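You will see two complexes here that share subunit A, one where it goes with subunit B and one where it goes with subunit C.
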Partner chain A sequence: EDGEFLGMKGLRGQLGRQVADQMWQVGKRQASKAFSLYANIDILRPYFDVEPVQVRARLLESMIPVKMINFPQKIAGELYGPLMLVFTLVAILLHGMKTSDTIIREGTLMGTAIGTCFGYWLGVSSFMYFLAYLCNAQITMVQMLSLLGYGLFGHCITLFVTYNIHFHSLFYIFWLVVGGLSTLRMVAVLVSRTVGHTQRLILCGTIAALHMLFLLYLHFAYHKVVEGILDTLEGPNMPPFQRVARDVPVVSNAVLNTTAKAVALTL
Partner chain B sequence: FPGLADVSISQDIPVEGEITVPVGSHSPDEDYSTLDEPVRDTIMRDLKAVGKKFVHVMYPRKSSALLRDWDLWGPLVLCVSLALMLQGGSADSKDDGGPQFAEVFVIIWFGAVVITLNSKLLGGTISFFQSLCVLGYCVLPLTVAMLVCRLVLLAGAGTVSFIVRLIVVVAMFGWSTLASTAFLADSQPPNRKALVVYPIFLFYFVISWMILTFTPQ
Partner chain C sequence: MSNFEQFHFDFYQSNYTIDDQEEGCNSYGSNENLSGSTKSQTREQPPAGAFAPSDMFLSPKSYTGQILQPTQSPDTLSHLDYADGFDEEPPLLEELGINFEHIWQKTLTVLNPMKPADGSIMNETDLTGPIIFCLALGTTLLLAGKVHFGYVYGTSAIGCLVMHALLNLMSDLGVSHGCVASVLGYCLLPMVILSSSAVVFSLQGIPGIFLALFIIGWCSLSASKIFTSALAMEGQQLLIAYPCALLYGLFALLTVF
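Showing the complex of A and B:
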């Protein structure tokens, strides 16, 4: 009598079920639409559409500054090369940290390396894009990412050589020549896409400073950590701060140095 | 039910049809049979599948068994054993048990995910988990290299031991890269194989480097 009549209860129950069902369907449809819109990997597909010869050509071109500054220079908007270069830099950094026995207290070696490299690539690209927006330069975000990413090729070469062969003067030469060449290329591209002396100066000064300083930082940050720890461990009788590379595994260093000398001799 | 008031069935049209629903092929039977079997059978079947994949990695032929039934047990076991063996290899051994393990774990899984995404973006036809499965299983030669390195280091840590370890690690690194390339490069368009092989090379290079520079305290 009191709603115990099966028909009525059945109807209310059925209605409730149907409403719940409908809400579930609508919610599911909305969620899958949002997912397919934002988490769709196909958004990135055009930026990975490259051939190996193109990547090789772009790597070599990133070291060659082009003097044409009256007409916007072409920048390839591709992300495969820059991404691979950032990962290569991470691998080289790890190698450098391992051979200098860097000890990171809070965190892991891997986290530091990935954070540094990706932070530089994404952070400085965003900052330069913002500056370019302020200075009315003709460059898109993807082009900026691509330009800076390929500029890391010089960093990779320099660090690869100088983490293995520990002569400070060699590092300074590489810093000036290799780092300078890749910075000059980026500067030339940015100048060709900007109008006005002040704007050009701002953009190029910023990127040159950041790029060269980053290379300096990568080279010295990990040696300095080692030297600081050694100084505290060896007590107050140590002579003051020496710019000498220490703490490399003797054997691997000897092997690599003799290999380098042998290669130099055969060349 | 007002809408049904005018429905009527005339007396001379028989109502007929099938009430029973045809049973789907034999999947309910399979479910029941794997639910009811003894635990030992399930474990042995999974172990055999993992073992068969290990054999496929050690002798890479162009077979699709590794790809067809992917599973992530093997990669998990390999990753954990590699991470355990790489522990305790830094200068400061009193507080470095944790980060070493996490480091190796993160490198292997993060690296495998990145390589998979990269190969999918370059137009690969392989699925996400299949690629993870292949990359994880191909860490097996490097785990063997780690074992050999630890045994060699027990005997001493001089130049000879370094050269032996270098040869072993380089050989196993080459084997890993070749094995995974044999499985993964086939799913790419032919002129882009180099683009897919490079990240794999980098990935195994980083792992090999961690193995080679391991010095126990």
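Showing the complex of A and C:
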């Protein structure tokens, strides 16, 4: 090397190289500072400091709506319970998909389950936090994540029971009672932290609709194949495909041909 | 060739470069006691200097002590072998760090979840046992007609990453990826028992479900026992056991269906 840098020789080349080096160093320093600030997992550490007794108490409390809405209710800002509940929901979904032999065409079973559950938890929490910001509700992002995460406990119970016992009426009862209780709890907490009728209506209507509809979606999207299998397995007494009126072209053509032949013969 | 003689005196010059060779010649030519070696060693790694005097006495005879030293760097071992010649090389298994006695001890610890675990057994990251168990799981699944090697690999890799993040968040002491992978791999042994029973009879009935639940409980109890004793997280064993149970539940799902 004769000190040439990008075509510039001598002093200009050296200067150019030094400037490039300096820019690289500064850029690297800033990038590593930003990385250590934002990708530092330690900022989440206080939210995982829990005891088993606390987690159990919070799980049970998430099903009990509190009537006192005159002053802001306490929300536990922890992330261990909600994270474990989301993973449990993923496991229940996978179990339901495996027992019902669901085939996912574009993607994998695992990817679908994880995407659905984490997408709901993170996406709806962010959306509700945004709405809460618009409606002037006093709730932080971690509290919203925690509230919605614990609200998934009702979903876990309902799906666990109804993926194994297949009665539609049982599902609807669980949907109303269990899903309704956990939704009512979230609604009560949000109402206690919001001022103004319109704002309360917006927030609570949105969370109730999203929460209940998600349970409905999870039930119907991932187990409908089971019904078909159950029908065909009922035994020789029940003829298959009884509920669906079908026109089988081969059969109808054969009938048409024999009828035509019979008519031709009589004529 | 005098450089090789110098290796007999100072074994742990792990950052030996071609420049050090000339300086080494000068300093060792002048004084042959260890003060010369410590002077050059202080430029490099102080702990390596501490090892040199004691291991001079141990040198070609036995290498069992080295496997148990967690701070041993692999560079020092390779310099040892290079210097000692073919006859005095350590046996292949010890060079690879595979110690069957330790693997057996850890296996017994996993198989008996009621026995209190020693916190220090997980100081050395040993991935041989876990790899053997993962291959055994894949093989028994193959015997049952399911080719799921890729799923076993993917699930264990992602499970290790998630458990590592969770354990780092929940404990005061940090853990390394290797330690987490090692513990989770060892506690996979009961799952191998489940999948080998799946070869003989189908697990999709009620007894199969109960057997799977029992095996999941066994695996997660062992794993959480080892983690809580190694990370000093008393009172949080159930909180560690639950994510382990979810992970082993995934393996059970793979085995049963």
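What we mean here is this: the second predicted complex is superposed on the first by the 191 of 267 C-alpha atoms of A that agree within 3 Å, B and C clash if a C-alpha of one lies under 4 Å from a C-alpha of the other, contacts with A are read in each partner's own complex, and residues count from 1 in each chain.
Operating definition for what follows: a contact is a pair of C-beta atoms (placed from the backbone, for glycine too) under 8 Å apart; a residue touches a chain by one contact, two chains touch by 3 or more.
Since we're looking at a predicted model, the values are computed, not measured.
A.B. asks: When the two structures are superposed on subunit A, do subunit B and subunit C clash or fit side by side?
C.D. replies: clash
A.B. asks: Output check: A:Y80 vs subunit B and subunit C. Expected answer is one of first, second, both, neither. What do you get?
C.D. replies: Both: A:Y80 reaches subunit B and subunit C.
A.B. asks: In the superposed arrangement, does A:H168 touch subunit B (first), subunit C (second), both or neither?
C.D. replies: In the superposition, A:H168 contacts neither subunit B nor subunit C.
A.B. asks: With the two complexes superposed on chain A, say which partner A:K98 touches: subunit B (first), subunit C (second), both, or neither.
C.D. replies: both
A.B. asks: In the superposed model, which partner reaches more residues of subunit A, subunit B or subunit C?
C.D. replies: More residues of subunit A are touched by B.
A.B. asks: Which residues would you name on subunit A as touching subunit B in one complex and subunit C in the other?
C.D. replies: Residues 41, 44-45, 48, 50-52, 55, 80, 84, 87-88, 91, 94-95, 98-99, which sit in both footprints.
A.B. asks: State the interface residues of subunit C toward subunit A in the complex, per the touch definition above.
C.D. replies: Residues 165-166, 168-170, 235-236, 238-239, 242-243, 246, 249-250, 253, 257.
A.B. asks: Taking the touch rule as given, give the residues of subunit A at its contact with subunit B in the complex, in rising order.
C.D. replies: Those residues of subunit A that touch subunit B are 41, 44-45, 48, 50-52, 55, 80, 83-84, 87-88, 91, 94-95, 98-99, 101, 103-104, 107-111, 249, 251-252, 255.
A.B. asks: Once bound in the complex, which stretches of subunit A touch subunit C?
C.D. replies: Per the stated touch rule, the residues are 41, 44-45, 48-52, 55, 80, 84, 87-88, 91, 94-95, 98-99.
A.B. asks: Can you list the subunit B residues touching subunit A in their complex?
C.D. replies: Contacts found on subunit B: 90-92, 99, 102-103, 106-107, 114, 117-118, 120-123, 158-159, 162, 191-192, 194-195, 198-199, 202, 205-206, 209-210, 213, 215.
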